[in-house]
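Common to both upcoming complexes is chain A, partnered first by chain B, then by chain C.
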Partner chain A sequence: MDAESRVTAMATTLPKKDVVIIGLGWTGSILANELTDEGLDVIAIERGPWRDMATDYPPNYAQDELRYRIRHELFLRPDQTTFTFRNKMDQTALPIRTWGAFMPPNGVGGGGVHWNAETWRFLPSDFVLRTHLTQRYGAGFLPGDMTIQDWGVTYDDLEPHYDQFEYLCGTCGAAGNLKGKIQEGGNPFEGPRSRPYPNPPQKQGFGHMLWAKAAAGLGYKPFPQPSGNMSQAYINPLGVRQGPCTYCGYCEWFGCGNYSKASPQTTVLPVLLRKSNFSLRDNSEVTRIDTDGSGKRATGVTFVDTSGNEWQQPADLVVLCAYAMFNVQLLLLSKIGQPYDPVANTGVIGRNFTHQCMSSVNGFFDKTKFNFNPFIASGAIGMCIDDFNGDNIDHGPLGFVGGGYLGQVQTNGRPIETSAVPKGTPKWGAAWKKNVADYYLSNLKGGSIHGSMYSYRDVYLDLDPTYKDRFGRPLMRMTIDFHDNELKAAAYMTDKYAEIVKAMGASIVEKEPRKGPYDITKYQTTHLNGGAIMGSDPKTSALNRYLQSWDVPNLFVMGASAFPQNAGYNPTGTVGALAYWAAKAIREQYLKNPGPLVHA
Partner chain B sequence: MLARASVIRGSLPWRPNAGAPPTQVRPGPWLFFTAGEAAAVEALADRIIPPDPRAPGGKDSGCAVYLDRQLAGPYGRAEGDYNAGPFMPGLPNQGRQSANGPAKQYRDWLAALDTYCLAHRGNKHFVELNDTEKDDLLHQLEDGKAKLEGADGKKFVEQIVKDLQMGFFADPIYGGNRDMAAWKMIGFPGTRYNYLDWIDRHNERFPLPPVSLAGRGEWTPKAG
Partner chain C sequence: MPRPSTIAAAGLAAAALFAAAPLAARDSNLQDFAQIERGRTLATLADCVACHTQKEGGKPFAGGRPIETPFGVIVSPNITPDAETGIGNWSDEDFDNAVRRGIRRDGARLYPAMPYPYYTKMSRSDVRAIRAYLATVPAVRNEVHANQLPFPFSIRWSMHAWDWLFFTPGEFKPEPDKSAEWNRGAFLVTGPGHCGACHTPKNFLGGDNTSQALQGGQVQGWFAPDITGDRTRGVGSMSVEDIVALLKTGHNAVTAVTGPMGEEVADASAHFSDEDLKAIATYLRTVPAGSGAPPTPVAASDPQMQAGQAIYRDTCSACHAIDGTGVPHLFPSLAKAPQVRAQDPTSAIRIVLRGARSVATDSEPTAPAMPSYAWQLNDAQIAAVLTYVRNSWGGAAAAVSEGDVHKQRQDVADRTD
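After this line comes the complex of A and B, so read on.
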């Protein structure tokens, strides 16, 4: 009998806690730390195992491309749970049997263990997107089925919390806007910062700097990518210490046994785990948020451990901190909030689901003149420009909205993934082998065009009618495709990027703009967002501006599921800022008077 | 390793070797392939990655051994994948929808390849064809001119090219890339983890030889 079929009919009820946190990644760790500081008794329940840097990722065997990158060892296994996928509503969704377009995290630390640590802020205009674009271009400029919204929170609201997250992480970067004054060498398009980054930028490799020089020559404003890989030793405000990054090139998909990458384990868990009012259950999956008879109050959660035992954990406050799509799934399975119906255009849970629209350009250089040593890199190394992000350019003549940062942000030279050959090379045989050998050191692969993806009426999440997880619960169904707006933006930015690579002196420039249809087998990023979005109106959002459920006021939902649409950046900085913003609202407002913080 | 739920409080748990270091693939009998299958795969490895003065070919660098050990292990069984039905044919952008994991798939492909060669290539096995004949057959499978019975020859070539090239570049601990031949060929220093002294040395070739998870040949005393 397998563990799953042994799930008992009767759950054992545990002693009540003040707070139960579902998932111990970045947001769970931050919320747990903030709420234990308030004196509350907090338990976190995590689906995956306990993991720590020195024990799980020692540098004598963590650098294993096959094990971690190709075989996905740190990620959730699809047999635990997966998603079904289709492009259009009239198609049949089929299960993702092995990961491709994205890889959901698992275990203590969540995605914070194996991310690259790019730590961006969104633009001020991103948070008031519909208002901003409508004012600048008129309402008729946006496609009719585009469902972008304002967030209900502004950049100014979040600025102190971006700052908190960056100082927790020790983010390395060059400020581009200090209290409204533009700074040379930073990103001139960013919102005003209250103080500089806690650490100077990382060092850059030859390819990164050559790209920046070419970009500057074309009139753009290059700056170092904000990085959570340490440029120097750093002790954060909690007293937790990180060491300098050694540019080993095993960052994304890997844990850092060198303690050089900001992760919950290297920034907050050493403090949190030692608190007497915190405990953690690992290898335990929450299957339901329990509510009382009214459906308006959460009473706690039900979870199943790896032995198949079912438990109930009562609590006064529930904080949902899982990966974005699992947040949405748990809300639907717990029947909290009205499920989104794209035909009737009603309901909110599953609405405004987005991913990213990534493109790239490959440059091949003369090997007698260029040696990039691509293996000397870090996860968030690189030089970027923000000239084409958000609404930093006039979109009027272009016929699309949105954008993304462009960057030479090559993170590694791991050879299974980094053996690009020019187009026209045979896929195997003597000519293939020769070109792999000739171009390995003189190719810059896949420069990042980190395109935004805005929300649409027919891109959404709901429960699959056919496929089930190991507990017999419906899988989450993704209905997602690219729309013309995003593909136009991708083509435009790819052309701009290619001009930079040409100016660098590449002998071969290969453009790879993202094309439709959305493909579940091609990795883009793991930035899947939305589905339980924040906003000002309960008819079009699941959460209020404090990430509190409109329907169940003692439930808060963290993470990128709250994004009404995706900006042209990596999401973690904004996820961290929102977590601190919500924690402050809970500490300063909710606990004094538990109930809705916003009356609609 | 079976993960068990636990309650953690008060301190950070410590277990030695919690990350389960990989074990070195040992030479020895084939674990998955039959002798006939192994002969075909080694022959394929040497056409996909032919020996040349820069580096040994796929056979001598262990790519067939790599694939054998992978197919005998979790990858072959599609362990951890979502293997529940119903199985329905999907669009290419919906990914693999077959009930067969890689091990079963390779068994079928290699049997179909052998049947084809016996029937259409003068009653010879693939390994008995000359290099030109081997390459021609692979090209014909790729463009659909040669059709395997009950198997998709195009998919077969696509997958085995991917798997054998992966074995060529993966850490030698997994059986391929013997003596780090592939890494030496391209200039990849392997599992070194500290380049602080080289990050600023732009456009200069990194001078040190590669290291693998299993160390380096000269670190291990020669037997006998």
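After this line comes the complex of A and C, so read on.
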């Protein structure tokens, strides 16, 4: 049977809805909730299964490292669909058959089920990056092929929506800047907040606090990482409750069955699912956004269920809320927006694709003096410094731009994954066992250098010319490599981090700065960004400042695919803020006068 | 985005209703808004919709829901105004006879799965109002075969004897020396609310054991707990506000409802007025507790207690906390929730075996759930951990035996609900 014959020839048309949402993760849940509040009839179509705590990842087996961490139970199966990868434009891309560098989410709740819940805001300067860096250092300071852009929104635009997302999640943290006033114990580099975090910071382990002490001793400003793992019981503005985190250390890669990690299931879905004007089709993969003859108006979506039946869901408004790369793929397959051409430097869909440039440092300590109990942890526990992030330092003498937060954010002491041994230890046998036993309690693994990755002309997404999915559609092809700028930043920050670990009293300090080429097999983060970016110019962006497609005004595209470049932070806080920002624009502007919200 | 199709559909439904309106003798007045509205309130208090609607996708009041009784399954009839399959052709007298006397339109006796022994406390005008309201709901054609009981219970005339033995007809009589609030509560609990239908233990023929009113009873594989003023097992340790919160939202600071009571909250008591809920709470707190000496706690040194403590710490404490306090409105406090120490541990065993989801309401939408531990803990382990929970943090209740759990495990294995 050839791939295309697996889909029945005739699609069945369903009754029209006001809004169809593609993907029910964080942004889909938020948009669905906001638009149903507006009285609209909303349907969400989700590729993966329904998921809920007590039935799908209950506390009596959620902490199964083999099942979830090693065998990837919560993630998309590459058999269902995958991506192809290459470093350089002159290489032939090959399909990814086992996830490595990132973990594509799947199912209701999306990445919000299995994230660590690190809930950051980007710096005000991140949103006007090109303008800011050019003004400070001159245009010639940036590498010629770096394609960073301003976002078209500012931190001040987004501040109320960061606040909304944090109060939805119950984010735990210490404010560093309240209405312009710097607060002791918080991040002094952050943009001004209109009010404190909804919850106090989580408790920190011995290793996290020792790191913070050493960092402060070196003159840095440590603060607790903003966390979506609850420091105490919380009820959010929608009336949904979470319980206190138990510090079990099974967050990223796992679902939290204890109701203590912010996720769509623990913050929005209980309210959304009670609404009579909301419905959901799970296990249904959207294969195309349908447009009318002009190509300027979306008429709905086409999706396929698990039986191979094809359905058409007409709607007045389409909101694309899938994972970043699937957003881009669906736009390309639906022929919405001009595909990016890196040679001619034209087109927008696929442009400014980025990931992250993570580095780390391991510290091994004298076991008779240091006991870190690394298993007492949470996904977003930890102490961080922002002294090297964004443009918080003078990059003039350094010869690179960008940065990242540095943090002792060890999230777990899981036995398979977290058994670091000093370099030179045999890979197996008695000597390996001895070092695992000796260092399990007295090493710090997961020193995080959360490096930004800026955008370049030759890092992009397009449709693969060779490999197809089970429906016969081309796979999404990633062309991605690190550039010197990012690797220089990684080396610099890794040295700084190592100085802190040394100051803690480590007997062995092992630096692991990120090195090229970009490796698709080694996990970094799941923060893939760009490809359908927002901006002020339709020639260089797919979306306007409200995440509305320049080409198809009744299509909005949520998520990190809108980031023109990545910052030195985890993206979810910004993804959430942008979702609320777009929802507000739809509710207050678009519905009154459906059409382009920005005329360029 | 206007949706004129909705308006058109509503018009059609009204026309259908009008056509279905029967010409039977009645003193309920379909023109009287006040009567219809009073009827809606009373129908909610009486929770008619729960039994008379199929669980998944059933049309309201169209019947067809199987009601499990100790003697077999009875299927609820259609009480929409459909003339042929509902009650559209009934006179008000027919309706009153069924609701307050347990007598069917053809003169046959109803089974007390229909709680007429409680509804008899309502007045004729109350029942007339319910009838007026039911005449306004959409008529649904749905033929139901009510009686699926095995012989000899399938013989309806046996119910004559049952009624003679256990049914005391008669309207509610207020007690003049009690407050109006208390009397309202007493009327609601013993009348339309029919709390005793589940919470009062039954004799071997299914009649109420009236001397133990509201002291807890077996129902559909659960134990409906003691809701008397008993301070340890009943609601005596809860304030009026605590009880109101539980009935209105499904949750309070120490406990949450689940199982059939979850349905009751979602369909009925979440929609009661605050005054009625306060009245119910005020009355329940005065219902006499059962006699008998309080149980002595199982000693902490008992091997079952020791094993139970270890299991509790490993398995339960992440949510319910080491000291059993839980998280208010989210995870019940096993230290304080009186149901934990029910004389009959059926519900506790069932929750551990099957898991349970609490109820979602507008004010408490979270509806947290507990997973099943049936695959993880064997009968002896479940007995131990429940014995520990029932006898810790100042509480005392009879130990749970391995045999109790074994019996329940077999029971829940066969249940589809």
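Here is the rule we go by: the second predicted complex is superposed on the first by the 594 of 600 C-alpha atoms of A that agree within 3 Å, B and C clash if a C-alpha of one lies under 4 Å from a C-alpha of the other, contacts with A are read in each partner's own complex, and residues count from 1 in each chain.
Throughout what follows, a contact is a pair of C-beta atoms (placed from the backbone, for glycine too) under 8 Å apart; a residue touches a chain by one contact, two chains touch by 3 or more.
Keep in mind it's a predicted model, so treat the numbers as computed, not measured.
Colleague: Between chain B (first) and chain C (second), which does A:67 come into contact with in this model arrangement: first, second, both, or neither?
Modeller: In the superposed model, A:67 contacts chain B only, not chain C.
Colleague: Is A:499 touching anything from chain B or chain C once the two structures are fitted on A? First, second, both or neither.
Modeller: neither
Colleague: Quick one: is A:239 in contact with chain B, with chain C, with both, or with neither? Answer first, second, both or neither.
Modeller: A:239: touches chain C, not chain B.
Colleague: Just chain B (first), just chain C (second), both, or neither: which does A:290 touch?
Modeller: Neither partner.
Colleague: Based on the superposed arrangement, let me know which partner A:458 touches: chain B (first), chain C (second), both, or neither?
Modeller: neither
Colleague: Tell me which partner A:85 touches in the superposition: chain B (first), chain C (second), both or neither.
Modeller: In the superposition, A:85 contacts chain B only.
Colleague: With both structures fitted on chain A, tell me whether chain B or chain C touches more of chain A's residues.
Modeller: For chain A, the partner with the higher number of touched residues is B.
Colleague: So, does A:159 touch the first partner chain B, the second partner chain C, both, or neither?
Modeller: neither
Colleague: Answer with first, second, both or neither: which of chain B and chain C does A:18 touch in the superposed model?
Modeller: In the superposed model, A:18 contacts chain C only, not chain B.
Colleague: Now for A:270: first (chain B), second (chain C), both, or neither, which partner does it touch?
Modeller: It touches chain B and chain C both.
Colleague: Overlap of the chain B and chain C footprints on chain A, residue-wise?
Modeller: In chain A, residues 52, 55, 58-61, 244, 246, 248, 258, 270, 274 are touched by chain B and also by chain C.
Colleague: Touching chain C in the complex: which residues of chain A?
Modeller: Counting only chain A, the residues touching chain C are 18, 40-41, 52-55, 58-61, 233, 235, 238-244, 246, 248, 257-259, 266, 270-271, 274, 316, 591.
Colleague: Per the contact definition, I'd like the list of chain C residues that touch chain A in the complex.
Modeller: Interface residues on chain C, with respect to chain A: 1, 3, 315, 318-319, 327-331, 355, 357, 360, 362-373, 376.
Colleague: If we count contacts the way the header does, which residues on chain A are in touch with chain B in the complex?
Modeller: Residues 48-52, 55-67, 70-72, 77-79, 82, 85-87, 91-92, 94-98, 100, 203-206, 209, 244, 246-250, 258, 269-270, 273-274, 276, 278-284, 305-307, 309, 370-373, 375-376, 413, 415-416, 419, 427-430, 433-434, 436-437, 440-441, 466-468, 517-521.
Colleague: Would you mind writing out the residues of chain B in touch with chain A in their complex?
Modeller: Answer in residue numbers: 2-19, 21-22, 47-50, 52, 54-55, 74-75, 78-84, 86, 88, 90-97, 135, 138, 161, 165-166, 169-171, 174, 182-183, 185-196, 198-200, 202-206, 213.
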